[in-house]
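Letters A, B and C mark the chains as written, and numbering starts fresh at 1 in each.
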């Protein structure tokens, strides 16, 4: 009962209020057993994107803001899924994450950056958190965010 | 009967002939209840991409061509879905749109640009048109298009 | 029996050992009839990405390395699917490929480049290999790869 809620508490993680989409779409759509979640930006619990989680990664950028941005996007995916499902224990599997990072020129540590999101899913869901993913560096993201992560979850019957 | 067709008529929208894929793939694949549609470019009904819907968005670009490009991609998604399904009334839900915009440097209004596609789905399908989406700015798109949008639809049993 | 294995042999294709994910995620997740495969990089059978399959495409880049990179990513998708399924004859359909190419400035022949992946699926699976796809040019890819391709397969019951 409330396994995921307890795990979030152990991790010291409080899910923010699910952010309203910034335009004319919805955060989650369920189709059969699949729950699709819109690309999430690294909004904090104050509803703003911290300045250090905006801009673009470059060759000499530190890894920490990139990882933190991906992690925050993942937290927001969970907030959206929680809001749609009522209870994250209904998640049978994290199926897929799609990670986009804003890059100018080059940034060598994209996989480590995306681990900010992947590690969170593993920490929260354990084996059920093991997902496929695609990570790419893009030219620009909405609201000048450093990262955007979309999610796909399988819901238990 | 023909609810969507009537709605398209009310909107003054005539779907173009579904464009043949520009290379070795198909426009639509159905798997179970899901209809996947290839990324669509903003071809007009003359089979060409208008010059103003090509190139790259930049900091000082106007919003109109970006929105128009996304809308045209969405129209082409509908044309493909119509061609695959025979009747758009079979669409139970627009599940997801993935929007890519060609950007040089930065362009602040990506979400508004993508609304060109999202608003069309809402206008045509109403509640069934409410979808999740992911919007990113990329480095370059096929045929120098300003936008490319892929779609995922749920088909009624 | 072993139709795909025989076809691979006819094509002179030996699938490499499925590469371990380069970070904290898995290569394949099955959900219902769908097999999702993580974005694959153009690793060769020696476990390395050949120098000519790294870097970025530009206006004057030749097409061959771009096509070869996409093809190698597709081979690695098959290696992952084979590893997950045991037998590629279980693939009922290649549903979707998502192709990302690292581009600096512009590169006119993205669709032809992506055919490196699409043609391989058609060669290996015939009619079952006909898929939808989305092809975009991005700013940077993990390990400086020229291409990354993700896959979605439908598995026979």
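Here is the rule we use: a residue touches a chain if its C-beta (ideal position, glycine included) is under 8 Å from a C-beta of that chain, and two chains touch if they have at least 3 such contacts.
On a predicted model such as this, the values are computed, not experimentally measured, just so you know.
It takes 120 degrees of rotation, in steps of 5, to superpose the Cα atoms of chain A onto those of chain C.
At the interface between chain B and chain C, under half of the residue numbers involved are used by both copies, so each side presents largely different positions. Chain B and chain C have centres, each the mean of its CA atoms, that are 25 Å apart. Shared interface positions of chain C, i.e. residues touching 2 or more other chains, are given as 32, 102, 138-139. Those residues of chain C whose C-beta lies close enough to touch chain A in the complex are 22-29, 31-32, 36-39, 98, 100, 102, 138-144, 148, 150. Of all residues in chain B, only 32-34, 93, 95-97, 102-108, 110-112, 114-115, 118-119, 122, 130-139, 152, 154 touch chain A in the complex they form.
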